[in-house]
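Same chain, two partners: chain A is paired with chain B first, then with chain C.
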Partner chain A sequence: MSEESKPIGGEFLTTPFKVLAGFTLFAGLLVLIRYVMGIGAVSNLSDGYPWGIWITYDVVAGTAIACGGYSMAILVYVLNKGEYHPLIRPALLASVFGYTLAAISIFIDIGRYWQGYNMFWPKYSNVNSVMLEVAVCIALYVMVLWIEFAPVLFEGMQKYKGNLPAFLTKWDVSGLQKIWSKFLFFFIALGILLPTMHQSSLGSLMLIAGKKLSPLWQTGFLPLLFLISAITMGYAIVIFESLFSSVGLKRPAETPILAKLSGIMPWLIGTYLVIRVLDLIVRGALGKAFAFNVQSLMFWIENALFVYPLVILMSAQNRTKARPLFLSALSILLAGLIYRFNAFLIGFDPGNGWTYFPSFSEILITFGIIAFEVMAYLYIVKKFPVLPKTEHA
Partner chain B sequence: MKNKDIASVSKHLGVSRREFLKYCSIVAAGMGLPLGTGEQIAEAVTKAARRPPVIWLSAQECTGCSESLLRATHPTFEHLILDLISLDYHETLSTPSGHQAEAARAASIKENKGKFILVVDGAIPVKDKGIYCMIAGRTALDILQETAKDAFAIIAMGSCSSWGGVPSADPNPTGATPVQKILTDAGIKTPVVTIPGCPPNPYNFLSTVLYFVTFKKLPELDDLARPKFAYGRLIHENCERRPHFDAGRFATEFGDENHRKGYCLYKLGCKGPETHANCPSILFGDTGSGTWPVGTGHPCFGCTEKGIGFHKPLFSKASLHMVTPPDTYPHVVEHQGKSALAGIAVAAAAAGAAYAAVNNVAKKLGDDDGKGKK
Partner chain C sequence: MVAANAHPALAREPKERIKDAVGMLYDSTVCIGCKACVSACKQFNETPSSFSSTDELWDNPLDNDSKTYNIIKLYKDGTGAAKDQEKDGHAYIKRQCMHCVDPACVSACPVSALAKDPANGIVSYDKKACIGCRYCQIACPFNVPKFEFEKAFPQIRKCQLCSHRMEKGDFAACAQYCPTGATIYGKVEDLLAEAKKRLAYKPGELRKYPVERVNGGQVTERIVTPYVMHIYGEKEGGGTQVLYLSGVAFEKLGLPALEETSDAQRSETIQHTIYKGMIAPIVFLGGLVYAVHKNTKDHK
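Presenting the complex of A and B:
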């Protein structure tokens, strides 16, 4: 496997990188204000909407988008499709930072963060809480992801010393590499179990909202729908990221392998949509989709974005072409994203006149988090063996 | 052994062992002491070889403090004076009178020199050499100075002895002076605890006495020598009507609709915001919930606080030390959603930028199948 990937090299302090750094620094400043002045100083969160864009995007949607590592692991290790192995590392890389920053953003979002450690203190754990499951599961998975990704870092520290600052290369990690090679299988297994648990539990979170959540989204199938859409988004992000970086980093596109990978997606989207629509019909909630309000509009946008890639990717010819592939992947990501925003914010009405739209600072903190993820991605693919080797012409 | 002692005392007091231990625990809890202290108190009370001697002096007073104590139900005052302490002299309650009573006082001072507790209720007039309060032909000033020297500690019971009270109200014709000032002026160093109140809550007195009996020292005091367990907080802090204050709901006249609804009495001149006492927590008179001045609908008049009670007009407003509730409290009126214009603008800009980027990439990708040229 070490023969498949290679750092792409090149200067990392590019203009986009600097812009991203600006966003990150500004967000860092806002986070500082949040810790000094309190959540109210930077956000529009309220008692009616205690979960805003930070939970909905950074945690719920962010981890779903970061499901690339999970989805690829199912494919390569559970279904034993070794040919996709070159895609594992970039997928894992996106997952590592997606999840790590989701975990960090929870500590920006929770009001009494100084009591946050109590979550992990068995004496104080509420074992009947979905939130505990999500918190513990995500925390564990962040560690598992770093363990899974560590071999890439080790390899970089051994084989590509020239790229890295001296303090990273002065240790000999070959011993660690040996230990890792013995135990990695266990963490790979954990890395498949944990997201299965919490990606569905993220859906269960909204079950508790009961009638506050519009019937268009409130269903006992929320956990299953969240899980299936998260796995689909996992494949979509792998395709999206690969094609996006091929343009952005000026590398040849990996269209053939992506075409093959995208063959799975119509099945997943199809299953998802069948469950989604049947559930709406059986519960008699479909009428709400014709209410001609914001919720029904968002419902149609969400599902149109699911249907579009289904139609496009059903055609084997389309799957071999980069642009339809790219747009389909993007459409799935947006669909999953909007599904999560709908289920957590737009379909949610706590009553009594509460309203919510994220504030300037709130959105910029989220941008900062995204910017940091992209910066980390850019740095690591340039310095560590992540992206598949390409044949030079 | 210990249980046997407690059992015997319980029998003596006419209450069950359980009742007795419960009482001691309540006293301990009232003083904010740890859980096991109740038992220590019970043990100290039962084990004492001799009940602690107490001499009670009265000066310019109305006997309200004694009356207040007489109405205590746990323990009752008779249990206190007959079983817990040895009340050797009290002008109203002593069995002997006249010369006999004075002799008992002299005898107790001699016998218990440096060991007895001196309780004083009433202010001491100092004008014209103290002639405005005479007992047995001597001025109260003289008697106090003589007795205080030999006491282990002094409890100034009630507002008069604590800071002057009613007799010291302007223009203070008799020169009514609190106990502590007299002792300081006379150079007597016996420690003084003040239990202000008009009348003071009997349990603040009883708790202080039992603390002394148990630990042989005085409880922690504030800079006005008041026990912190009782006077550490403003009435305003624990008042049952506090939420109305925070919400801006006030009674503006006696008997108006807001008054009948039980709203805050601040605008009627309640001195709760500047008066330190535990009234809202332990109530008054043992007659159940809501029985304390503010609970019954009358503004607090600040009896425990020097310069407030009998000095500040009853219906003038209190000065506020804590205007807003602490930040850790929920707000009374929550913002139900703030303006989000900037947020919408940023979101729109981001959507635009994302669209441009994606569009750009999609264009460049073309229909490349990865095998041929772009």
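Presenting the complex of A and C:
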């Protein structure tokens, strides 16, 4: 399978890379201030809105956007669609950094980070807590992702020595490669189980917020809706990345395989929307959608962004064209993103006049995290065999 | 795999009141808004002053915060003249931890930093366990847990019903130092009985009201004023160990209208249905291992 992928090469210290590095450094400074002066010094978080964009974007939405590896694994390894194999590595790479950075960002957000390990200590862990399930699953999945991605690194260290700094190429990793090839199937399986668990539980997190979350989002179906939308976002990010890198990194587009992949989407979005709408009707919550306030506006934006790709991608002809494909994928990502923002922030009202809008520093820290992810992605695809060889496309 | 509609057999049972649970009864009609309770709370919990004015001369918080576990707030309408009257009147409300029968914060906390004492039902906080994730704040329907956003090494702060004072025979400082008997401390079952008794009183009657403790023997006489015929906290959110009586609607006082089923029960029912004995995840993993093993061989 290794013949499918190849480092794309080229200089990595490009101007965009340097701009991203600047962002990351500045965010790093702000994080330093947070550790010295407290969370309040850099954020607008409050007792009414204890969770802001760090949790909602960096963790909840960020890991959903990083579901490419998970979604592709379902397709390739469970449904046995081997033809999608060339898309696995780039998807996995984005997942590795998306999840790793989400896990790191948790340690910026939690106040008593030096006791973070208490989660894994049976004396303290509370099995009734949805948060415990989410945290343990995400921590394990980050490790599983690195195990899954390791063969790419091994291959790069063996076959593309010229690209890499000397300390990386000194090792002989052929022994490790053999061990990996024996056990990898187990970690691939685990890598499908864990996101199924925590992506649904990320939705369950808000169940206990009860009436503080608007009936437009508060439902027993939160876990199912979060899971389906995360899987859909996983396919969307694969399509988005592939088309984006074909433009950004000047590579031929992989539209035939993406056309086939996008055929799955209308089914997933359709299922999601049927559950979403029926649930609202049965619970009698649909009236809230016509309240003409910020919540109802955001509800319509969220769902319009789900309906648009559903309509576009139902046409087989649209699925073969790069532009509608790209816009549909982007729309799904935004829809899932806004759904998560709505369920965690915009639909959340603690009452008593509390409001929240992220501070400049808070936003910059989140940008820094995204910038670091993009930098890491660019470095790895240039140095390691991740992206499909162009003649395959 | 993900069953959103829990099967009743798997549903987490509602939590019962602990027999010897302790709590407080706050009667808004008795309160004169003197804030002796706020002052006593700060003194005995050694919490610093909290300022809402720029001169920072004296303790004047507008709401509960990480330095203010207990507060008296005011409801006012129109002229505000008549006490305990919704229109053109005013009323006081005391806010602190409700010590829920089935606390959302305890269910939510991943590291058991918030725990309910099995003997007296007091919900207390253990800073040695806490990781500062603030999920308790998301969960609490009363927005009680407060976080020290301004500190590098923050804690969650909240009323713990002065459990640190109980060894010496003392009890909740806010009740112990309330001059009018608006706040009284005691066993929840006695407090409930007292509350029911008061709802049966006729306005205008002269009645004996316990002071400091519900069964402490100390009483004061008072002319009964009209009540809203409801004990807030008897059923709300699965019940609370702090109970309220009032002359104006409880929503006007800022108390949320909660269902009788606690959010903790709802959340745990769904979560436990999915993860009961980890059977579903293990079976699912088994299937995945089989499929992946078979399919990776095919690909080779």
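One rule holds in what follows: the second predicted complex is superposed on the first by the 391 of 393 C-alpha atoms of A that agree within 3 Å, B and C clash if a C-alpha of one lies under 4 Å from a C-alpha of the other, contacts with A are read in each partner's own complex, and residues count from 1 in each chain.
Here, a contact is a pair of C-beta atoms (placed from the backbone, for glycine too) under 8 Å apart; a residue touches a chain by one contact, two chains touch by 3 or more.
A quick note: this is a predicted structure, and the numbers were derived from the prediction, not measured.
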Looking at the combined model built on chain A, do chain B and chain C fit side by side or clash? clash
For A:326 in the superposed arrangement: first (chain B), second (chain C), both or neither? first
Quick check on the superposed pair: does A:379 touch chain B, chain C, both, or neither? Answer first, second, both or neither. neither
Answer with first, second, both or neither: which of chain B and chain C does A:208 touch in the superposed model? second
Thinking of the overlay built on chain A, is A:358 touched by chain B (first), by chain C (second), by both, or by neither? first
Have a look at where A:133 lands relative to chain B and chain C in the superposition and call it first, second, both or neither. second
Taking the superposition on A as described, I'd like to know which of chain B and chain C A:46 touches: first, second, both or neither. both
Applying the touch criterion given at the start, work out whether A:267 contacts chain B, chain C, both or neither, answering first, second, both or neither. neither
Who does A:196 touch here: chain B (first), chain C (second), both, or neither? second
Considering only touches as defined above, state whether A:220 meets chain B (first), chain C (second), both or neither. second
Decide which partner touches more residues of chain A, taking chain B and chain C as the two options. C
In the combined picture, which part of chain B sits where chain C already is, 45-53, 99-107, 135-143 or 243-251? 243-251
Enumerate the residues of chain A that count as touching chain B in its complex and touching chain C in the other. 38, 46-48, 352
Complex contact set, residues of chain B against chain A: 327, 330, 334-338, 340, 342-347, 350, 358, 360-362, 364-371
Which residues of chain A touch chain B in the complex? 38, 44, 46-49, 243-244, 246-248, 252-256, 258-259, 320-324, 326-327, 330, 352-360, 362-364, 367
Chain A partner, complex, touching residues on chain C are 1-2, 4-6, 63, 65-66, 104, 107-113, 127-135, 137-139, 141, 143, 145-155, 237, 254, 256-258, 263-264, 266-268, 270-272, 274-275, 281, 284-285, 288-289, 291-293, 295-296, 298-299
Within the complex, chain C is touched by chain A residues 1, 35-41, 43, 45-48, 50-51, 76-78, 80, 82, 85, 109-113, 115-116, 118-119, 121, 124-126, 128-133, 135, 184-186, 188-190, 192-193, 196-197, 200-201, 204-212, 219-224, 227, 348, 350-352
